[in-house]
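Okay, so here's the structure we're looking at.
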Amino acid sequence: MLSFESDYTTGCHQKILEALMKTNSVSQTGYGFDEYCISAKDKIRKEIGRENAEIFFLVGGTQTNKLTISALLHNYEGVISAATGHINAHEAGAIEASGHKVLSLPSHNGKLDAGEVRDYLKTFYADETYTHMVFPGMVYISHPTEYGTLYTKKELTDLKAVCDDYNIPLYLDGARLGYALASKQTDVTYETLCQTCHAFYIGGTKVGALCGEALVFPNGNAPKNLFTTIKQNGALLAKGRLLGVQFDTLFTDGLYNELGNNAIEKAERLKKMLDENGYRFFLKTETNQQFVILENEQLKKLRQKVSFSFWEKYDDTHTVVRFATSWSTPDSDLDALEKILKDQN
Amino acid sequence: MLSFESDYTTGCHQKILEALMKTNSVSQTGYGFDEYCISAKDKIRKEIGRENAEIFFLVGGTQTNKLTISALLHNYEGVISAATGHINAHEAGAIEASGHKVLSLPSHNGKLDAGEVRDYLKTFYADETYTHMVFPGMVYISHPTEYGTLYTKKELTDLKAVCDDYNIPLYLDGARLGYALASKQTDVTYETLCQTCHAFYIGGTKVGALCGEALVFPNGNAPKNLFTTIKQNGALLAKGRLLGVQFDTLFTDGLYNELGNNAIEKAERLKKMLDENGYRFFLKTETNQQFVILENEQLKKLRQKVSFSFWEKYDDTHTVVRFATSWSTPDSDLDALEKILKDQN
Amino acid sequence: MLSFESDYTTGCHQKILEALMKTNSVSQTGYGFDEYCISAKDKIRKEIGRENAEIFFLVGGTQTNKLTISALLHNYEGVISAATGHINAHEAGAIEASGHKVLSLPSHNGKLDAGEVRDYLKTFYADETYTHMVFPGMVYISHPTEYGTLYTKKELTDLKAVCDDYNIPLYLDGARLGYALASKQTDVTYETLCQTCHAFYIGGTKVGALCGEALVFPNGNAPKNLFTTIKQNGALLAKGRLLGVQFDTLFTDGLYNELGNNAIEKAERLKKMLDENGYRFFLKTETNQQFVILENEQLKKLRQKVSFSFWEKYDDTHTVVRFATSWSTPDSDLDALEKILKDQN
Amino acid sequence: MLSFESDYTTGCHQKILEALMKTNSVSQTGYGFDEYCISAKDKIRKEIGRENAEIFFLVGGTQTNKLTISALLHNYEGVISAATGHINAHEAGAIEASGHKVLSLPSHNGKLDAGEVRDYLKTFYADETYTHMVFPGMVYISHPTEYGTLYTKKELTDLKAVCDDYNIPLYLDGARLGYALASKQTDVTYETLCQTCHAFYIGGTKVGALCGEALVFPNGNAPKNLFTTIKQNGALLAKGRLLGVQFDTLFTDGLYNELGNNAIEKAERLKKMLDENGYRFFLKTETNQQFVILENEQLKKLRQKVSFSFWEKYDDTHTVVRFATSWSTPDSDLDALEKILKDQN
């Protein structure tokens, strides 16, 4: 069936499979010291314009968030996140299992507000009993957020300024970073991330890889012995080449950008199509996820022909649903959807 | 260069790549609910002869050990392991990071002795201060062990009897299980494992997969909500299909057994070859790893033509090294090695 | 200076010191197996009317909360608490350090609402992605709450009913339990607690002891090997007698009730006095803590003659402050305060 | 009955009870900011000759070890200890529960050998796979050890040299430090500890206090925000005065030394008495614990008149037992014991 359910329902880009084929019988050292990992890191360093960047390939997003956050925090510190942040809501308590509190602040369509973060920090240190409380030790954001929204360059710069004033790191979860950077409505680039973030990761799983995320410390500022921490977290692959080959492919000839562009172009057409057919948006975003309010009967009918995600109840007779395009969405899927939407009218 | 370094230096079996190709564009649900995972589990259940077995696909060995052990232990319990056990020596403290002590007992070529485990347990509970100490809460073994050795059916049955007497689970790390089961000198089968182990895992990474281990609770006895524990450990793949497709392939038409057989046949030839050329064994095993004592000058010369693993210093003029065959070792590699060994003489 | 700052500013009741004196040179077994601990537990069992109750003496409140909550939760579970709950706000992340998330719900003058807890649980299990989230594994309340307020018998019964429906324990933090039970406006008794709570603790530190809390599992339902968990938490005293002697004294001839009564009687007089002198209440409670809104200039003046606690900013010109009576507040302190209040008018 | 069972069977020194009496009704700030804590810290700084020392009062030994070790280690590090070390054997896995492995080395009558520690560290870093293993991140010793033995000044200096070479801290558990310093056969002073240890603690519980240990960072080198870590560990007393008053008393007019001296003098007499009556020593130590080998029938008879500790089985017909003197052992106890020993002959 036609699916706009998410960006991780199919396998990976054909070129990745080809690269896996081509390199398959070459003997390589394990644990990420293979030549594909080395090459992939070089290419990423070039792409982001940071020769000294330290890069680690990990398998998934929760794993990356958990080990990065716990490696950067002191035992008495917690991490600030939007209430809707993935680490706060959908990682089964991974951060707390590593010993740290998630300090949740209000979400503005998935985003933190720099002013509110500053107020929180100011209020924290103004409280005479703050030494009895969890210290705010870093700021976590995702870009795009859980709601597909984007920070502007100014917003990231403002968050960075707050973090600097309190000497805490800003960490950016880029599970879908490819879609953020390809957006038509963003002024954020890799350079922006390198200037504002202590660390960020470039998501592979949701942008055309089988698995894999590239954790980047843009200024050569990785925590000491992070390799051992990765091992301790059960996150070290014996065949690190699996991640190396994938990221080497994604960062050859601009493939990662191309995959981002595809999702965005398809999303632009999707938005237009929904508008033209009179659909009511709950949230129209700059990236590959679009949120629409459906009348419940309409939802039932539509679901018979196309799959999408339940997001939340809107009211007794309406529901918010999500349509997602992806790196692999073909034009034909949108043609088919257009026909369905028109027929429904 | 010719390599007998380890069993994870090349990619995966060709059939796995083909299956990834073939299934790549099919849209599937995430998080391990795809049809390949379902099919792979069915095939494994058939192979091991346990219809009720609960099976979870995980990415690597340390990850599997860490989350299984911590899910099975109470907070006041530790895990018994041979001193040389992977969890005790080479997992960077993963078990302790999850809050549990590894209680190490003497290693006999990598193996625990059931009698010694019984003595340990008896002595523990005989000590009047045992409530001030870490309770022995489970027994961890690997099969093959770190030294490539194997437990006999009787030894496993004896360990199981001790565990039953003290009401603690026996857990078997099968990172290289394929090589154990294919050995010419074993009476241990899947049936033996199902009868003696509370849980075990079938290693993929070192037996022909790109990554992946199949954790098996043979009697439908998985800890409650292990799915959520997996997520919390950062061990849940959005594209669970990557593991499903691989294990589905490995357990189709006996491929997993075939891969084990190849390594064993090549190892048998290797042992004969080493014997015939006058090499001195440190440990001649039933599986794919063989340990040889080399004079240091000889080691230097040999290393120029073939790669193998440094194992440990033997004395001031000799070194123990490891030669490993694998699922992918071709006859031609052994031909080449034979020539080198003869030339060295 | 005259102090209404808190209920832990002075030492302990004279009778406790006398008992420490009297028993000092008697030789006793360590680790809580002394005869004073045994006697104290018997007296508490009688007081609460539960012959099978299991009782553990611990040193402080955070310690008691941390080890009880982590002993009762599975790794994939968190604890529901009012946002203002001590474990959520003022224990420096002790619960998270033990691996568990605090799931905060709205506070109603410090209290959880049973209906809202039910809604939370219902919504949680209705979410299709709940296995990716932290399971609500128990409910934490304090009585009195952080705001000195009390649950009614009906409210506790309602909370218990919700917990039963979802098969999770209700745990009650009784750091100031003596003041709750002595209140003139409560229908909650030890019997109520035994009927509704899986576990609760009877606070000593803030009700006349030097240190110490009595953790009670009213139905003999303590987690297995809790003694070892206590040791592991660094919470086991070699000289357990220190806690035994104190609780034995507190539960002899109704001393604990008497101490509670003193604080309540003094609080009643305090409330009347504040009313009569025209003070504006932020929160007038049933226990020993009263919250008053002071104009900032008035606050400054008052502070020169009597100490009390800053609570929170009310608006730009007003502040909320707390006056607390205690087990040791003498009538003379209230006489002195009355004079000050009158003079200020 | 006459007891030589341990040094924590009676209450505390009379002067401590008197000080608790005297200060009982004085109103003081909580959480260790009271004037008794301040005064006690000053006196300890003077006694050890370090004006900048940072001092924290904690409740017990396991608590102190657990929080100090976990605060000093990075996540990828473990702590080196003698196999017989308290943290390795008798703290119920407290260190592992905080996430860290105890790396055990051979015990020489309870002591670590500096040469062996150096060899361990050298071997560790020589192993090519060391990044897959737990880094040795600090050295833990106790003084006296579990066996009542003492390090010499030279041995501590040697351990410090090893630690310095590898840039890791040396931490000394002084649960019975008073008895170590009072020994007739030691050249170790507070000055030695300050010069060689990164941190150490002065034990109160076993040297005349009701509870309490003074954790000392002699060079003002406490980990940042240790106060909050203490709170998080459930180790912060609301009435910190309980510890302040006790240590203030112990360090007034040399009481702590006096208590140490009493135990040592009594132990000297005990040793002589055992010698003269033909008892066979398992270990004759410099401190308050003496280990004797008893024939099992003799043990039974002796036990009817005096209590002592079972230590370990010696052989089928003999047992090792421990006699301990303490800060409170009166001459009359030794007179009584002498009579019993003579009668047994």
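Note that the chains take the letters A, B, C and D in the order they are written out, and that residue 1 is the start of every chain.
Here is the rule we go by: a residue touches a chain if its C-beta (ideal position, glycine included) is under 8 Å from a C-beta of that chain, and two chains touch if they have at least 3 such contacts.
Note that this is a predicted model, so its numbers are computed, not measured.
Chain centres were defined as the mean of their Cα atoms; on that basis the chain farthest from subunit C turns out to be B. Put simply, subunit C has to spin 180° for its C-alpha atoms to lie on subunit D, with the angle rounded to a multiple of 5. Across the two candidate interfaces, B-D and A-B, the one carrying more C-beta contacts is A-B.
As a whole-number value, the distance joining the C-alpha centres of subunit A and subunit B reads 34 Å.
Chain geometry summary: the mean Cα position of subunit A and that of subunit D are 51 Å apart.
The mean-CA centres of subunit B and subunit D are about 43 angstrom from one another, to the nearest whole unit. In subunit D, the residues touching two or more other chains are 75-76, 91-93, 97, 99, 131-133, 228-229, 231-232. Within the complex formed with subunit A, the subunit B residues making contact are 1, 3, 5-6, 8-12, 14, 17, 20-21, 23-30, 59-67, 91-94, 97, 205-206, 210-211, 228-229, 231-239, 241-242, 328. The touching residues of subunit C, counted against subunit A in their complex, run 75-76, 78, 89-93, 96-97, 99-102, 128-129, 131-134, 310. Residues 70-71, 74-76, 99, 131-133, 135, 224-225, 227-229, 231-232 of subunit C are the ones touching subunit B in the complex.
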